[in-house]
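Following: one structure in C-alpha cells, then a few remarks.
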Amino acid sequence: MSTDTAARPVRRFESLLRARELGIAIVIVLVVAITAVRNSNFLDAQSVQQLLSGAALIALLSVGETMVIITRNVDLSVGSTVGLSAYVFGDLFKYQHISVVAGFAVGIVLGAVVGAVNGLVTTVLRVPSLVVTLAMLYVIRGVDGMIVNGHTIDPTAIPHAFTEVGYRTLFGVPWLAIIVIVVVAVAGYAMRSFRASRDLYAIGSNPEAAALAGIPAGRRVFTAFVISGTLAGLAGALFLALHAQVDNSGGIGYELAVVAAVVVGGVAIFGGSGTVVGAALGALLLNTINQALVASKVSSFWNMAVAGGLLLAAIAFDRWLSLRVARGLKSARGVHRDV
Amino acid sequence: MHRVAGIAIAAVLASVSIVACSSSTGGGAGNTGAATAGGIKKGLTVYFIPKDTQNPYEVLADQGGQKALAEVGGKVVVSSGTQDTAAAQIPSIQAAIQAHAAAIAIAGNDPSALCPSLNQASRAGIKIVSFDSDINCGSSPDHLFINQADTRQIGTSEVDLLAKQINSTGQIAILSAAASATNQNAWIGYMKQQLAKYPNMKLVTTVYGNDDPATSLTVLQGLLSAYPDLKGIISPTTVGISTAAQYFDTHKDIAAKIVLTGLGLPSQMKSYVLDGTVKSFELWNPSNLGYLAGYAAASLASGSASLQTGASFKAGSLGSYQVAAASGTTGPSVVLGPPTVFDASNISQFNF
Amino acid sequence: MTTPSDTNARLVLTNATKSFVTVRALADGSITLYPGEAHALLGENGAGKSTLVKILAGVYRPDGGELRIDDTPVEFNGPAAARAAGVSIIYQEPTLFPDLTVAENIFTGRQRLGTFRRIDRRAMNLDANEIFARLGVRLDPEQPARGLSVADQQIVEIAKALSFNSQVLVMDEPTAALTTVEVERLFEVMRTLRSHGTAVLFISHRLDEVFASCQRVTVMRDGRFVRTEPIEKVTVDDVIHSMVGRDLATLFPKTATVAGEPVLEVENLCTAGVFDNISLTVRRGEIVALAGLVGAGRSEVARAIFGIDRRDSGSVRVNGRTLPNGDPLAAMAAGVALVPEDRRQQGLVMAMGVDQNVALASIRRLARFGLVRRASERRLASNWSARLRIKSGRVRDAVATLSGGNQQKVVLAKWLARDPSLLIIDEPTRGIDVGTKAEVHRILDGLVGDGLAILMISSELPEVLGMADRVLVLREGRLTGSFSRADADETTIMRAATGQHAGAVA
Amino acid sequence: MTSDMATRARHSPGDEGTDTAGRRARWRSAARWEVGLVVVLIGVLVFGAGESSTFVDPTTFFYLGINIGYIAIMALPMTLIVMTGEIDLSVASMLGLSGSVLGVLWHHGWSFVPAVVVALLVGALGGALNGILVAKAGLPSIAVTIGTLTLFRGLAEILLGSLTVPAAGDRQFPAALTNIGVAPIPGTQLSYTTVIFLVLAVVCGVVLHATPLGRAMHAVGLQPEAAQFSGIRVRRIKFWLYVVSGVVCAFAGMLLTLQNSSVSYSAGTGLELNVVAIVLFGGVSIFGGRGTVVGVVLSVAIFGALQMALTQLNVQPEIQNIITGALLLISVVVPNGGEAIGRLRERIKRK
C-alpha cells in the first residue's frame, strides 16, 4: 500500500536533506585538508580562528537572509545596512563618546528600522521584495554617504576593549565567531521549534495552503524582514569591532555574497526549505575557499572565479539531488500526482 | 558642522607643520615665506576630481586645493562619484568642460580610460593636472603630474625602511590596493628593482585587498598562513596598512614576528605606532599635495607656468617648484617632496 | 429551505448567494447537516457545489443568506474562523506544505508546546500517531508531506480535521483520485467519524459510493438548491435527472456518425511510473472517451501524445506520420490540437485579450513579413466568437473577465482556428454551467460530423456515456477496459476504472 | 488574512473576480506607466534647463550618450529576459569579461577584428552557459546569474589581472574606432553608442511588440505553462535570449573599451543593478509578461538626463543614489498603491 511504498524513498529524501549540512561540512573539511597538505600551518589555531572570524559577518547576515528567502522573498539591502550601522556607531563613538552597549543598541535599532521599512512596503503594498530591497540598497547607501560625508572612523577613535571583540578568543574561539555561532545556534533552534518560524516555512512552501490554514503571512514576512535588518545592524556593529575603522564603503557588495552563501548553504531560492545552519556553513565554505587559495599560494586573481564556479556547482547539485529524489518517489509511488 | 571645522583646522595645522619638516627634508626650493599669487589670474575655477568624494585621503587633498585657490582668489569645484571608477569620473570631466573651467586637477581611477574625456577637455583649452594617481595617455593630453613623491623614491624608500628593520634578510610580501591601481603598481615596480640590492630579502608574493578592509583582512590572513616565515609586509595603501596594523595590534605574537610598513595616514596609524605595533611608515601630506596641485593648475591656467622641463612656479606657502623632465610613462611632473617618515618620535605632530 | 425539525441540526445554510464580477456562482445554496450523518451533495460541475463548500470553509463570504451552526447564526471572516467553529474541509486537491512533516501539516499553527512555548515534537508526533490509530492507518508523522500519495495526503487532511475535533467535516470529491482499496479505507474512516457524532458532507461524482455510504442526499443545479431526500427515498435515475434537469438527450446531442480512417494511432506508449503500454486508435468522425479516475494517467497520456511530456517508449502516428518525441509544435503541424485540463493555468493566458488568446496558437500563420497584424488577429477572434457564440465585451478584454464556459470556448476557438484533424480535449466541461455545457457538446458533435477525430478525457460518466462512440478506461496507467457506445454503462466503466474485477491492486 | 492572498494573487493567475479586477487595474496602470515616464522626463528636462546653466548645450546630449549608452544597450536584452519572467545579473560581468578578452588578445598582438570576434564568441558562450543552466536545467535564474556574475568577473581578473590594456609598449586601439569616445557622429550631437542603442531598441521593440516571437515572450512571462500548451518553445526562447544577452553585453564591452580606448578587468563593475533598475523603472514587471521597450527607452533618458543635470549642479553623488532608489520604489509602489488602499478598506469593512 502506498503508505509503505512512499515511505522508503521519502526516508532517503529526508536523510539527504539532513545530509545537506553534513555535505557542506565535509566539503569544508576537504578544502582545509587539501590546503593543509600543501601548507601545513593552514591547520594551526591561528588559521582556524581566521577562517571563523573571516566568515563571521557574512554568516551572521545569512541567518536573516535565510529567514527572508524561506518565505519566497529576498533582502538585497543588508550590505548597505551594515555600512550605515557601522558608520553611525563609529561616528557616535568618535563624537558623542557613547558607550559600547549604547552603540550596539543604536546599530541594531537602525537595522531593525530598515528591515521594518522593507517588510512594510513588501507586505502592505504587495510589492516584489527584490525591487523594494534593491531600491533600499541605493537609498541607504546614499544616506550613509551623506552622513559619512568624506570622513572616516579610524582606530584611534575606537576603544581597544571593543575592537578586541573581533580577536579575543575564548577557548581558542574568537569572540566574534562565538557571537555568530550563538546567533546561528539560537536561530537554528528557533526555526525548528517555534510556531511562528514553522509558519515561515509554510508560507514559502505553499502560499495558497498557508492562506487556507489562516497563517498571517503578512505579519510573518514582515517579522522575517525585521530580523534580517536587525542582524544586519548587529553585523554593522561587529564590522566596526573587527576592522576598527569604517568609511562610506563598509559592506559594499555584501548582499550578493550573502545570497551566494545562502544558496550554497542549500536554501531554496524560491522558499520553503533550507536551514540557517546550512546557510552559515555556506558562508564559512566560501570564506574558507578564499583563504585556502591565498594560503596555497594560488594567485588571488583566482578567488572570484573559483567562488563563482562553486556557487554554480552548488545550485546544480541541489537540482540534481531533487530530480533524483523526485524520480525515486515517482517510480515508488506509481501514477499518483505530485503534491 | 563641527567636524568640517575640525578638519579645516587640522588641514591648516598640518600644512604649517609640514612647511617646517618639508624645508628640513629639503623639499621645494627655499622660500617658505608668505605665499604670493605671482602672476595668477583672479577668479579661476578649478575642477578637483578625486578618486571618489568620500575617501578621507582625497578629501584632505581637495581641501588643500580649496585652500590654494582661495589664496589666489579663485574657486574649486569638487566633483566625482561614490566609487573609484573611471565611469564615475567622466561625467565630472564633462561638467568641467561645459562649465568652461580653467583647469582640472584629477586623481585618476584608471590610467587610460579617462584619456578620451581629458583630451576633449584639453582641446577645450582646459589645463590638466593629475595628482595622487597619474593618468597615462601617451602623447595627449598634455598634463602635469603632481607627484606626491618621486615614484622611484617611494618604491625604494619603502624597501629600505623595511630592510632596516629586518636587517635585510627574510621573506617579505606586499599587500596592495586593487590589482589595477596605477600608482601602487608603479611603486611596486620600483620596489622590485630596489629589492635587487638586498639579495637576502625575498618578495614571495603580492596580494590585493582592493582598498576594502574586509578583503584586505582576508588576503592578509591567507598570506600569514601561506608564508609562516614571513618577516615583513609592505602595504603601499592606507586601507591596507591600517587593516594589517589593526590585525597585528590584536595579535601581538604576529606583530613580534613580522614587521609592517608602507604608506598610511598618521591619524589612522598613530595608536599603532605609539604602542609599538608599527615602527615606522611613510606618507606625504595629502592636503599639501592638493594645495600644490591647486597652485599648479592655477599657474598653468594663468600661463605663469608651463610644462617645459625646468619651468618653475610658485606654490604659495610651499615655495616654488620646478617641472621635472618626463621619464618613462610619467610625463612632465613636479614632486611634492620626499615622503615623511613617521615614527614614535614625530607622529604626534601630525593630525591628518 | 430548512425543515422545521432542525433544532437538532448541526449546520444549516439557507439561501446563500455569491456572485463574482462576471459570474453568478451561487443563486440559492441551502443545506442541512445532522450529527453522525453522511450527507451527499450532488450536482454537475458548475452546479455551485464548490462555491457552497468555499462558503462553509470561510474562504468566500456569501453575498446573502444565513449560516447557522448548532442553531446559532455565524459569520466566517476567514478559514481560521470556520475551523474555529468546528467546520473542516478536505479539498479534492489536498492543501499540504510539502516541506513540512506530516505531523506539522496536521497541527499547523496549533503545534503542541512545551516549556518556553517551544514546539514539543515528540508530543506532536504522538498526537499524530494517536489520530492515525483512530483512523486505523499507518503514516510516519516525521516524514515530509512531499512525496505522499494523494490518498495519504487526504488521510493527513482528515487527520487535520480530526485534530480540530471538528463537528462538521466537508469532503470535496475526496475519492476522485483514489483506488478502490483507498476508497474503502476512506469510508472506514468516515464511519468512525460518524460514530463519534461528526456531521459529514460528502461530495462525489460516483453515485454508487453515495448510495453505499450516505444517509441523505442534496442535489444542486445551476447554482440552485433542487432537493434534499433521505437516501432510501431516491434512485440513481431520478437523482441524475434532477442533477441534469433535462433528459440527457438535450444535454448530450450525439448524432450517430460513421468512423472513417484512423487519424491517431498510439502504440505501446510508456512513461515509467506514469502510464504503461498504452495503445489506442481514434478515427475520423468518432469521439473516443478516455475514462478513469483522476490521477489514473489520462491527462498524462494526452500530454505525451501532444508532446508536452517526453515519452519513454512507444510511437504516436497522426494521419500516418510518426510524431517526434516531446515536440508540441510538430504535433500541431501534424494537425493535433490539445484543449488542456486546466483552463486557467494551461489553456489560456488569463491577462491577454480574447483576440490574442484565440490567435496564440496560429500567430505565425497570421503574421505577414514576420509581423503580427492586430487587425487580422481581431478578425480571427471575432469570427470564432461569432461561430462559438462567445459572450465577451470587446475582443480585447482579458479572458480573465469571462465566465468559465466562455473561457472554454475561447480555448476551443484557439485550436479550431488551426483546423486540426485531431482534437484532444481534457475535461471539456469542467466548471461550466449546464447551458454552455450543452453548447460545448453540440460543438463537439458538429466537429465530428465534419470529420474531426476527437479524443475526450472526462471524469463525468454522463458526459462519457452521452458523447462517446467508444470508451477506453484507464486505471493506474494501464488500459483496463474498452467499450462500444452500446455496451458502456456506469457500472462497467466504474468497475474497470476502480479495478474491482481487474484483480489485485497496486 | 487579506495579506495571505497576496502570495496567491502573485503566484497563480487570478481566478476569483476580485483578483481579476486587481489584474485589470494593474493592466491599465501598466498602459499608463509610459505616460507617467514622459511626464517625469519632461520634469527632469525642465529642472535641468532651469537649474543648470550648461544643461541646454548640444554637448550635453553627446555626453549623456557617452555615459549611459553602453549601459542602456545592456538594458535591452535584460528587458526581454525580464519579460519572460527571468533575470540576468551577469550582464556587467560579461561586459568586463569580453572587454578583458579583447584586451588580452590585443596585448598579445592579435589584430583588432579577430580579437573582437573572439570576444563576442565568449559573450555567446557565457550567455549559453546561463541559458543551459536556466532554460535547460531549470535552475532559478537569480541564483544562476549571481553565480555567473562572480564567475565572469573572476575570469576577467584572471585574464588581465593588474594589466590595463593598452599597457606600456602596446599598440593603441585603432584611432578611427576609439574616436567614438570623443566625437559625436559628424553633423549631429549623437554619440555612436546612442545611435546603436536606438537602432537596437527599435529592433527590440519590433520583435517584442510586433512579432510572433514577441507575443510568445509575453505569454511565457505571463503563464509559461499556457505558453507551452500553445506550442511555444519556452525553454528554447529563454535559452536564446540568454545567448543574445551574452553577445549584446559583450558588444557593449567592445564599445566601452573603444570609448575609453582602454580596458581593465574591473570595467563596468556593479552596473548590473543599474541595468535592472533602468528596466524595472521602465515599467517592466519583475514577474514577466508586462512592459514596453518604449518605457525602457524613456527610463534610460530619465536616468541619463538626471545624472547630467545633477553632476552639472555638482549635487552630491549620494543624492543620485537616493534618487535612483526612490524612482525604483515609485515604479512599483504607484501601480500597486491603489490596490493596497482598496485592500485596507476591505479590511476595515471586515472589522
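We just call them A, B, C and D in the order they show up, numbering each chain from 1.
Assume contacts are C-beta pairs under 8 Å (C-beta built on N, C-alpha and C of every residue); 3 or more make two chains touch, one makes a residue touch a chain.
Not measured: the values here are computed from a predicted model.
Visitor: To get from chain A to chain D along touching chains, fewest steps?
Guide: The distance in steps between these two chains is 1.
Visitor: Is the number of contacting C-beta pairs greater for A-C or for C-D?
Guide: Most contacts of the two pairs: A-C.
Visitor: Quick check for the class: compute each chain's Cα centroid; which one is farthest from the centroid of chain A?
Guide: C
Visitor: Distance-wise, how many Å sit between the C-alpha centres of chain C and chain D, to the nearest whole number?
Guide: About 43 Å separates the centre of chain C from that of chain D.
Visitor: Measuring centre to centre with CA averages, how many angstrom lie between chain B and chain D?
Guide: 37
Visitor: State, to the nearest whole Å, the distance from the C-alpha centre of chain B to the C-alpha centre of chain C.
Guide: The answer is 76 Å.
Visitor: Return the residues of chain A touching two or more other chains; collapse runs of consecutive numbers into ranges.
Guide: Residues 141, 145, 208, 210-211, 214-215, 301 of chain A touch two or more partner chains.
Visitor: For chain C, write out the residues touching at least two other chains, lowest number first.
Guide: As it turns out, chain C has residues touching two or more other chains at 78, 80.
Visitor: Which positions in chain D touch two or more other chains at once?
Guide: 1, 12, 157, 161, 270, 316-318, 321, in rising order.
Visitor: Who touches whom among the chains?
Guide: Between chains, contact exists in these pairs: A-B, A-C, A-D, B-D, C-D.
Visitor: Enumerate the contact residues on chain D facing chain C in the complex.
Guide: For this pair, the touching residues of chain D are 1, 12-21, 23-24, 27, 206, 210-212, 214-216, 218-219, 222-223, 225-233, 289-290, 350.
Visitor: Please name which positions on chain B make contact with chain D in the complex.
Guide: Residues in contact with chain D: 53, 77-83, 85-88, 90-92, 94-95, 97-99, 110-117, 119-120, 136, 138, 178-182, 185, 208, 328-329.
Visitor: Can you check the complex and tell me which residues of chain D touch chain A?
Guide: These residues of chain D touch chain A: 1-12, 89, 133, 137-140, 142-144, 146-155, 157-158, 161, 270, 273, 276-277, 280, 286-287, 316-326, 328-329, 331-333, 336-337, 339-340.
Visitor: Which of the residues in chain A come into contact with chain C in the complex?
Guide: That would be residues 1-4, 6-7, 9-11, 13-14, 17, 192-195, 198-199, 201-202, 204-206, 208-215, 272-273, 325, 327, 329-331, 333-337, 339 of chain A.
Visitor: Over in the complex, which chain B residues touch chain A? Could you list them?
Guide: Against chain A, chain B makes touches at 2-3, 7, 53-56, 58-59, 82-83, 179, 205, 207-208, 211-214, 217-219, 221-226, 228, 242-243, 245-247, 249-251, 254, 265, 267-268, 270-272.
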